[in-house]
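Both complexes below contain chain A, partnered by chain B and then by chain C.
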Partner chain A sequence: MEDELSFSDIYGGRLALQRRYYSPSCREFCLSCPRLSLRSLTAVTCTVWLAAYGLFTLCENSMILSAAIFITLLGLLGYLHFVKIDQETLLIIDSLGIQMTSSYASGKESTTFIEMGKVKDVIINEAIYMQKVIYYLCILLNDPVEPHGISQVVPVFQSAKPRLDCLIEVYRSCQEILAHRKATPTSS
Partner chain B sequence: MRGRAAPPPPPRRRASDPAGPRTPELRPDEGRGAPAPGWRVQSPLGFSLGFPPLAPLRLPDCLKATGNMVENSPSPLPERAIYGFVLFLSSQFGFILYLVWAFVPESWLNALSLTYWPQKYWAVALPVYLLITIVIGYILLFGVNMMSTSPLNSIHTITDNYAKNQQQKKYQEEAIPALRDIPISEVNQMFFLRAKEPYTKN
Partner chain C sequence: MGLVSRGMAAAGLGTAPAVVRPGPPDAVPNPTPNPPPEGAAPGSSRVPSMVLKAFFPTCCASADSGLLVGRWVPEQSSAVVLAVVHFPFIPIQVKELLAQVQQASRIGLAVLGTWCHHRQEPEESLGHFLEGLGTIFSHEPWLQLCRERGSKFWSCKATHWQVPISPGAPGEDQVMLIFYDQRKVLLSQLHPPAALPDHQAGDATASAGGLAAVFDTVARSEALFRSDRFDEGLVRLSHWQSEGVEASILVELAKRASGPVCLLLAYLLSLISAASTCWVFKLWPLSFIWSKLSTCEQLRHRLEQLTFIFSTQKAENTSQLMRKANMLVSVLLDVALGFALLSWLHGKDRIGQLADALVPVADRVAEELQHLLQWLMGAPAGLKMNRALDQVLGRFFLYHIHLWISYIHLMSPFIERILWHMGLSACLGLTVALSILSDIIALLTFHIYCFYVYGARLYCLKICGLSSLWRLFRGKKWNVLRQRVDSCSYDLDQLFIGTLLFTVLVFLLPTTALYYLVFTLLRLLVVTVQGLIHLLVDLINSLPLYALGLRLCRPYRLSAGVKFQVLEHEAGRPLRLLMQINPLPYNRVVHTYRLPSCGCHPKHSWSSLCRKLFFGELIYPWRQRGDKQD
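Here is the complex of A and B:
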């Protein structure tokens, strides 16, 4: 079962959340970030080339212009490969664990998996980020030493940064699955 | 011997009263700088001018109970008036001295046998240094604030040493429950799993 909802991120851009219910104990949430807009790409390219042309009129060295072209191309490729995330996915399987996947605009994918024994809870936390206070979803990990302690906080959907209404949807679904885990305690 | 009897103080509450301290209602003639017997003049600063000694200040009961509060109150006192006046005189003197140093030519000062002055260069340089320091201070304060904000994956956004080591206080009947740090999982369940409408209207 699959459905798609439309939300917005903290800056006002449009996000699309796809929810897939594979089974009562396995769900996936796919958040697609806004694409690289043509307007911002044109603006950055124009500023870099205008600055290079200004330097060229000062120095009369045509290497500056070709260097500016190379810089723009390499910068764009590096941005698409290392910075720009197209889609973020959260897959939660009841007895196995939680997997987070980020797929970049150049096709690269990076995956993180946390096994269920380490997961304490999935919560919505508020914190100061730049000059705002934002809500964000995070996974709390168990502390091996202390039974009720928290050893680490892992935020999810870091580059999509959805708003609270989207987070509440994901939070409720995750809590339904985690409630199964508490209902049937593991024998370890 | 005062010409007028002091009004009776309001009845004190026991320290174990669970409803909390009652704010004392000040009667119209109570509080600091209360009017003294007839031959003293009441000044707007709150202390009475006239024949010494100055009248002892009459305090409401809440300030008598904890002596510390008297020393920290911001109201005008005779000592503070004296400090203020000394500061005013010395700052005026310092300013006139600075103007004399900066504007009067060296030869005139030497004729008065005032020879050991710093270079006049500093009369311009020091204010410039001071202003640049203030501007950098604004930027630095902003930067220090941003650097000391915890990142999003820090444990300090969720709990801290006080919350980890807090002890449960015994529950008393009909008393306000003691202040306690509630774990974030419970807070989330209360906010987001039970009531949905207030949060989806944004």
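Here is the complex of A and C:
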């Protein structure tokens, strides 16, 4: 069972939230950011090359032009491989754990899996970001030493930064599964 | 689905056939599975138990029908299937085999249930037969996995024989199938997340979180995987090695050879280390020189590493093994680079060219220094210095340079031979050659070091004098016993002399400060060059190359954890997940397996460095005995 909703991020950009319900104990939320637009790519490339050409007319050294080409290429590769995140996925499986995957534009995927035994709760938190207050979803981890303490706060959907309405959707679904976990006496 | 429904019909149950309830999400606000309505007594609500997780090896997916052998982890309600026992078998032999493996691995293995693979049309009798097996190997809960022909979806059922509330009627659980690659899980080494404190990380395998228990189970039941299908065993098993045990002739040969080789090398190394501890080297001036030369430090470091590698006792755990392997690869790479340098140096008479270039360079440096001093003795940058002091200092330094140049020229005929012998040392490794280079730089710039020390001492003297006279100026003094500034009444003549000296020192300060500044900058330049060389040496010394290579070629060997992939799903069938190994990121590989470096270089923070420079304290490129280590 799968459905798709449309939300906006904190800057007003469009975000698509895909919800997949595999079974009552396993759900997946997939937030897709807009792809790299041709317009911004063209703008950045043109700026760099025009600046390089301006320098070239001043210094008359052709090294500058080739350096500019290399800088653009390397910068684009680095941006696609390390910075630009296309999709962020939250997979929550009852009694097993929570998995966060971010797929980069180049196809690289980085995955973090948190076992259910370490998860204390999933909450929505407020944070001051630049000049505004934003909301974010985060996972609280149990402190192994202190039974009621929190050892770490792991933010979810870090690059997409969806607005509160989107977070509430995800939060409710997560809480349904977490509530099931709390109802079971055997869970550790 | 055929077997499951038949099995339930045979057991005479009226439980709901669909255990996993797919229902639309909006319609299920509470996803807890409803208790079996008919089987349970009316009014009694069974507490929903945890979802049962069956870890199933992917290599067994195409195995014939049989029994599932594995471990049951009750606290996580997960069943780790390790192998499939094929028909025909004698139950007592299966139990014997399990007892043997259990003795070897010290984990509780059991027959967890049955595995049914329909290649043809299902035969009616097999279902009943498998049902009956549950009474021979009693296990709680009893798993019944079934794979049909032409269907990707499996059916899976877990039956409880003893249900506390309604005895006689077997209860059922939600089941989740998790596939894992047995080979990768067996070989991978789980690294607990960095968030865990160290003391927690140490016993992570013992305390065993959910997935660590799975990894542990697979790793420890290696005894089960020793037999393949070519063995004449009584019990036929299906697991990752059942098509043939994996082994390499080279590895076996290396294992055989490593014992005597280690013994021989350890003996040789002990001889070398005994020679190095000879009393001749411990006399006063020699021991002081040894401790300051970075070549000696590097050689000592390498010797320690080699004795560790070739120590005859076996590595206790995997981390020690990895450390040994990392050290060995680091030493090998170092020596290989050293030989490359050696062949480059000794081909085409490069040593001679280098020696010919070295003396003019030293001359040139001295000449430049002379020019600098003459500039300082005039009016540098338009500053008006104290002429008498300026002349005295300048002449002193010029005489020093003169001495230095004559020393270099005295040395020049022998430099080529010295360099040739030092070039040979590159066969001990590139790091040794680099350390020698660093020492040569230190020796050739000894005059700069001397100037720096004279300048710093003079400057320090002036700063100290000025600060104490400034206290006198204000009618205070430093109380040494109480370590504080006290007020004090001075006599008139004391005050007069003090103020006079203060004035003299203040007016002489710029001249000394200028000399100090120039020579400190020169000294810092030399120290920076040496620091870069040491950085390179440290990089070669401490980079865990074996671990990095392992991460590059066999990413599953070093795992940061696992990741799950949800496989195609059909309503009414158990959820199927694929468990994959999440490889450790490169930065954590380097962080975890970094080798200890030489540790003879000081680590100044920037603020302490600036403070030391301002107050004219000496900066050494080596660690002082009194330095506190931060």
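Here is the rule we go by: the second predicted complex is superposed on the first by the 186 of 188 C-alpha atoms of A that agree within 3 Å, B and C clash if a C-alpha of one lies under 4 Å from a C-alpha of the other, contacts with A are read in each partner's own complex, and residues count from 1 in each chain.
By our rule, contacts are C-beta pairs under 8 Å (C-beta built on N, C-alpha and C of every residue); 3 or more make two chains touch, one makes a residue touch a chain.
This one's a predicted model, so the numbers in the text were calculated from it and none came from an experiment.
Once the complexes are laid over each other on chain A, chain B and chain C both fit without any clash. Judged by the touch definition given at the top, the superposed model places A:S173 against chain C, while chain B stays out of reach.
More chain A residues lie in contact with C than with the other chain of the pair chain B and chain C. Within the superposed three-chain model, A:V153 lies in touch with chain B and out of touch with chain C [touch as defined at top].
Of the two partner chains placed by the overlay, only chain C lies in contact with A:Y21; chain B stays clear of it.
Judged by the touch definition given at the top, the superposed model places A:D94 against chain C, while chain B stays out of reach. Of the two partner chains, chain C is the only one touched by A:L141; chain B is not. Contacts of A:E115 after superposition: chain C is touched, whereas chain B is not reached. With the two structures overlaid on their shared chain A, chain B and chain C come no closer than 12 Å at the level of C-alpha atoms. Taken together, the two structures place residues 151-152 of chain A in contact with chain B in one case and with chain C in the other. Those residues of chain A that touch chain B in the shared complex are 120-121, 123-129, 136, 138, 140, 148-155, 158, 163-165, 168, 171-172, 175.
Contacts from chain B toward chain A in the complex involve residues 149-150, 152-155, 157-159, 164, 183-185, 188-189, 192-193, 196, 199-200, 202. Within the complex formed with chain A, the residues of chain C that make contact are 20-25, 28-33, 47-51, 53, 75-77, 174, 176, 178, 195-197, 200, 209-211, 561-564, 566, 569, 575, 577, 582, 585. Those residues of chain A that touch chain C in the shared complex are 1, 19-28, 91, 93-97, 99, 101, 110-113, 115-118, 141, 144-145, 151-152, 173, 176-177, 179-180, 183-188.
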